[in-house]
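Structures incoming, each one as structure tokens.
In what follows, chain A forms one complex with chain B and a second complex with chain C.
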Partner chain A sequence: MTTALRDLITNPNAAELELLARYGMLPEDARRARAFEAFAKEDLPHRRIEGWRWTDVKAALQVIETPPRITVADTLITDNALVFTFTPTGFTWPEDLPEGIRVLAKPEAQAFGGAETMPLGALAAALSGGGKRPGTLMIEVAGTDLPRLHFQFSGAGEANFARIQILVRPGAFVAVSESYLGGAGFTASLLEYSLQKGAVLSRTVYQRASTAEVLASTASVQLDEGAAYTQTTLAFGAKLARLETRVSHQQAGAKATLNAAYLCAAGHHADITTDVRHGAPACVTRQVTKGAVLDGGRGVFQGKFLVPRNVGQKTDADMQHNALLLEEGAEVFAKPELEIYADDVECAHGNTSGALDANQMFYMRQRGIAEDEARALLTEAFIAEALETAGDLEDVLREQARAWLAR
Partner chain B sequence: MDCCGGTDEHEDDCTEVIVKEGIDAKTVEAAKALESENYSAGFSTTIDMEFSPKGLSEDTIRFISAKKEEPDWLLEWRLAAYRRWLTMEEPTWAKVRYSPIDYQAYYYYAAPKSGAKYESIDDVPQEILDTYAKLGIPLREAEVLLGVEGAAETAAAAREKPRVAVDAVFDSVSVATTFRKELEKAGVIFMSISEAVRDHPELVKKYLGSVVPQSDNFFATLNSAVFSDGTFVYVPKGVRCPMELSTYFRMNAENTGQFERTLIICDEGAYVSYLEGCTAPMRDENQLHAAVVELVALDDAEIKYSTVQNWWPGDEDGKGGIYNFVTKRGDCRGARSKISWTQVETGSAVTWKYPSCILRGDDSVGEFYSIAVTNGRQQADTGTKMIHLGKRTRSRIISKGISAGKSDNTYRGLVSINKRAEKARNFTQCDSLLIGGRCGAHTVPYVENRRADAQLEHEATTTKLSEDQLFYARQRGLGEEQAVALLVNGFVREVLQELPMEFAVEAQKLLEVSLEGSVG
Partner chain C sequence: MLKIENLTATVGDDAKQIINGLTLEVPAGEVHAIMGPNGAGKSTLSYVLTGRNGYEVTGGSATLNGENILGMAPEERAAKGMFLSFQYPVEIPGVPVMTFVRTAMNSQRKLRGEAEISAPDFIKMSRDIAKTLKLDPEMLKRPVNVGFSGGEKKRLEIYQMMMLEPKFLILDETDSGLDIDALKTVAEGVNAMRAPDRGMLVITHYQRLLDYIKPDKVHVLAAGRIIKTGGPDLAHRLEAEGYDGVLGEAV
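So, the complex of A and B:
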């Protein structure tokens, strides 16, 4: 490692030294270097950085090591899915691709705009690749009658980095799913979704990991005229799990739906962060985030709507975050933020947190339902709204949530 | 809506603002009336002044301390703050932009030459009396419109016939404090902080810096080093202060900063209502105002603190204006205590201000009511912090931001529920309104909940439980806002409308605003 490289991070901890070493071992690449520098500028994100005040990665990730393995089945793999897997050491992809889907596994990095605002996305861009793993996996989608694309990030090891770019051609329609099943001490992925005119994409994210793992999934979404993007997330957290989505409405009439549910048990931290830029007239954003947290768990929600001057007129956006603290000792931190520079817009946000409704509990108990069961039923009903947009996968997600609640 | 074809390059040619349909015309008028060209407090007073040496150093601090004939402990306290400040960085997280402040370009002390504090109102130079008269603040008690007679009036009578005791601070010094004798009869101490240091050192020593520590933040630390004058209030046990207290801050001299320090202590079961007003002449350079206000409410005490902030906002092109970087914090130290902040913010070029409540005592209550109107090139980043530490603590935040011209108006607020704050409640509502398409309105709420039995609601969304309660209250004829107030705080009182005072006219105009057509 050159001295200059080491100097990129002031007082690096063991984890940051490991990241520097991994970067040093990858072939030289100007784009990779830019991404890494964008990451290194502020070190691993920590609580003194505004967007990370409740999710201190630097504190959680002191060293990068292989955690004790916990096997989790991937229930999102169904017959109609084309499966791509990313492990700490390997990568697999389906041999037969239907017409309308083209895949390029590029060894080198691609340019990453906005790297400064997405430090762990930049890190994923800088460290993905090496060996047989692609630096950037590029996928082009054209057509409408296509199988679901499924990306699985799992497998034992120290670290798992991946970067995927998906381009959806005008009028195309595709469903995409991502499973983060843990296994590595540190997982960071960057997904870039580009929806061209009138394209429709439905994305489902399922995340589950142990309390020994740190995970960051960063998605950057660009929407062209009339494109429709729907995202549904079910997260169970990890020692630290950050699921971040940045959406840019670039042309008029684009629509984004960003729903998420998080369920956190002891030692689990789930952070749902979104940032939506309404950079064109008459774009629509709908966002519902629901959470339920047990003793020792922590849920974080950070949502931001930006409506820039002139271009964002007629924006119609609504953000809701509702959380249940199921037991004492649970924590929920929220920041629903609006930044508006246009006068003819509708932007609303709401945020609530508290216990389950005592009246509803009473009603169920009165009818002979045991307390645990009543609590599970009410909580499931509470988060259900956020999962309704998952289409075919809604039942799978509901089932996972139900199983967690029944524990 | 854009009146000039959509690019920022043309914005300076823009003369007429097109207002979105559905926005109340009165609101637009009210905001327009607050534009800088209508600023009536912008005159300056010509009077011989004495200044500290320009700039900031330990010598400046020694100079200020010597001028005020302060005891050694206070000088040491100031110097410790200064040394700390030298190691601190100016905060940049607020949504405001301004050119770097040259802290050496200010005078940190400016006082009329004829003396700091006058023995009698007759000794106060006529120029200063005229200044306050022109601002609508008569300093001669006999001139106070609303009655002077009867020192032994009961609290009830005083409420019916409101009067106001005024502490007038002119640049760095307090020039007059009215109704002192009468207040003394009730046991209320109302004087400038410089006098309090001399006359009541034990109280000052006990409470100064106990709510906002010296090291709190960049501007509070600067204030701790160089604070000039401000008001000291102590209301003894069980006393309901017989009249409203107020301080009127006037920044007059050029190139000065004003660093007042206010300390209000309400002992057990006491009550005080305090008002603060501020204005400054129109000057082309930016002046710095970095105040610290500390409130302490002991068991069952209540402090109501109202501000009408009307510092010179700068002209429509953003030239001049006050940088208002203020730290205000109330400590509900006692059980069942209550602190209520009301602010009407219309002035200042840049505002950075978060009047906060530390709800330490069990069953204590914090309230924050704010109307912030920005015009021209003003930038306001303001809000509150409600820190729930005690059991069954309750807080309520109502914030209305109105942006016009090319201004930016940000609500930033924190609601934090500590692990020990059993059954805490908060209700927050923040509405913003944009008048024209060249301004900005932003909302940055932080909500930290560490209690399952806490109930936190932000904006119009309510949980099922409250919906039932709301329905119950609405059914009995209460309006929605009233009902919410009832549920959260157990009472209904629109504090804003209670501003009696010389501020009433000004505030009334603002109260006419409607948030119809607001964006969220």
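So, the complex of A and C:
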């Protein structure tokens, strides 16, 4: 490693040295270099950086090593899905693509506009590629009668980096899903969704990993006029799991729905972070996040709505976060932020955390439902609203949540 | 059937004693009414008997068919046949009535070591009972008690009672919030549950409900004890003379 490279990070830990080494082995590329420098400016994100206060990646990721193998079935793979897999060492994509879907696996990195504000997205942009893996996987979608695109990020190894750009052409309609099933000590992905005029995209994110893994999924979403983006997430956390979405309403009448449920058992940390910029008039955002946490689990919700004064008039936005602390020792950190400069807007938010309702618990137990079962039923009902937007995958997600609750 | 002897119990963190040496026996096949003024301990008694958290027994005993129920979890008592019809039935958003009752029924069966009910049997039973109670079958697909009127909530309690076929029923202020038609329907449901091997405790403020559910005995509860017991006519006397009149005489 050259001295110049090492100077990018001050006092790097073993994990950061490994990231530097990986960067050094990739071919020279000015865009890659800019992405890596954007990442390296603040090192791995840590608790002294606003936005990472409760999700200290630097502390959690001391070294990058292969975790003990745990196999998790990917229940989001169904007959009608086109499956793309990213593993620490390889990449597969479907041979036969239907009309309307074009895929380009580019070896080099592409420019990443939001690099400064999304350090782990920038890292994914910088370290994707090498070997047979694409530096950027570009997908163009046109048409309406299309199969679901499914991206799976899993497989044993030290680290798994991936970058995918999806361009949805005007009026196109497509469903996309992502499974993060663990297997690598560190996973970082960057997904860039660009919806052109009137395009509709539904994205489902399923995340499950062990307490030995650190994972960051960063999504950057651009919405043109009248585009509709719906996101539904079910996260079980990991040693650290950060699922971050940045949405930019760029033209009038765009709509974003950002729903998520997190369920965290002992040793699991799930962070749902969203940032929505209402940069055009009459855009709509709906957000429902529900969480349930057991003793030793930790949930983080950070939601931000920005409505600039000159462009954000007639914004209609609502943010709700409700968390259940199922046991003593459960932790939930929440930071809802509304930053509104326009005067003709409707923006609301609600944020609650608490225990299960004692009246409901007693009512159910009086009818003969055992305490654990009553708790599971109430918790499933509590998070259900957040999963309703998953379309065909709602039942799959509900089933996963139910199985977790029944443990 | 249900035998309570010298029961004492406290409520809440400050352990306020609400039940003060209560003794009462309801034999199988009988319906007993408990009447009493506000604060007498009527609802407390129903919660103590069904095992609600925060209600602590400090002395005495309560047995169902000779079995001590006070050490059991609420769900175990339910599986033994205890059923409480709530004064204020609780809303359970997101859990449809059918799912709720079927889960309850199968949990009870599991606790008793019995096989689960089959889906067709359950649906048939539910349909028959809904018809008896003039319940809209659509209502049973909605979340438990959410958006139900007072009368619908009480009828749903009776529906659950008929589905779960408990051995001993406690009706806590079942008449509150009901108009006369709803009261009649509910009372018919309760009367249909009368059986030689089943006991009932009907807790009420007013004598009105007892015109429709005829009790074998009426007990007056005051300051956490039964202070007077009589036949059905005692309810009429309470109505006519008020608790003060009757209690004054007892003291």
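Note that the second predicted complex is superposed on the first by the 407 of 407 C-alpha atoms of A that agree within 3 Å, B and C clash if a C-alpha of one lies under 4 Å from a C-alpha of the other, contacts with A are read in each partner's own complex, and residues count from 1 in each chain.
Basically, a contact is a pair of C-beta atoms (placed from the backbone, for glycine too) under 8 Å apart; a residue touches a chain by one contact, two chains touch by 3 or more.
Predicted model, so just to flag it, every value in this text is computed and none were measured.
*Asks:* Looking at A:C347, would you say it contacts chain B, chain C, both, or neither? Reply first, second, both or neither.
*Replies:* first
*Asks:* Of the partners chain B and chain C, which touch A:I369 in the superposed model: first, second, both, neither?
*Replies:* Touch status of A:I369: second partner only.
*Asks:* Quick check for you: in the superposed arrangement, does A:Q360 touch first (chain B), second (chain C), both or neither?
*Replies:* both
*Asks:* Scan A:L377 for contacts with chain B and chain C and give back first, second, both or neither.
*Replies:* second
*Asks:* For the three-chain arrangement built by superposition, which of chain B and chain C touches the greater number of chain A residues?
*Replies:* Higher number of touched chain A residues: B.
*Asks:* Quick check on my understanding: which residues of chain A belong to both its chain B contact set and its chain C contact set?
*Replies:* 357-360
*Asks:* Over in the complex, which chain A residues touch chain C? Could you list them?
*Replies:* Residues 357-360, 362-371, 373, 377-378, 380-382, 384-385 of chain A touch chain C in their complex.
*Asks:* Considering only the defined contacts, which chain B positions touch chain A in the complex?
*Replies:* Listed in rising order, the residues are 1-2, 6-8, 19-20, 93, 95, 419, 432, 434-465, 468, 519-520.
*Asks:* What residues on chain C touch chain A, complex-wise?
*Replies:* Residues in contact with chain A: 50-53, 73-75, 77-79, 82-84, 86, 89-95, 99-101, 103-105, 107-108, 111, 143, 160, 164.
*Asks:* Can you tell me which positions in chain A touch chain B when the two form their complex?
*Replies:* Going by the criterion above, the answer is residues 50, 54, 309-310, 313, 320, 322-323, 325-355, 357-360.
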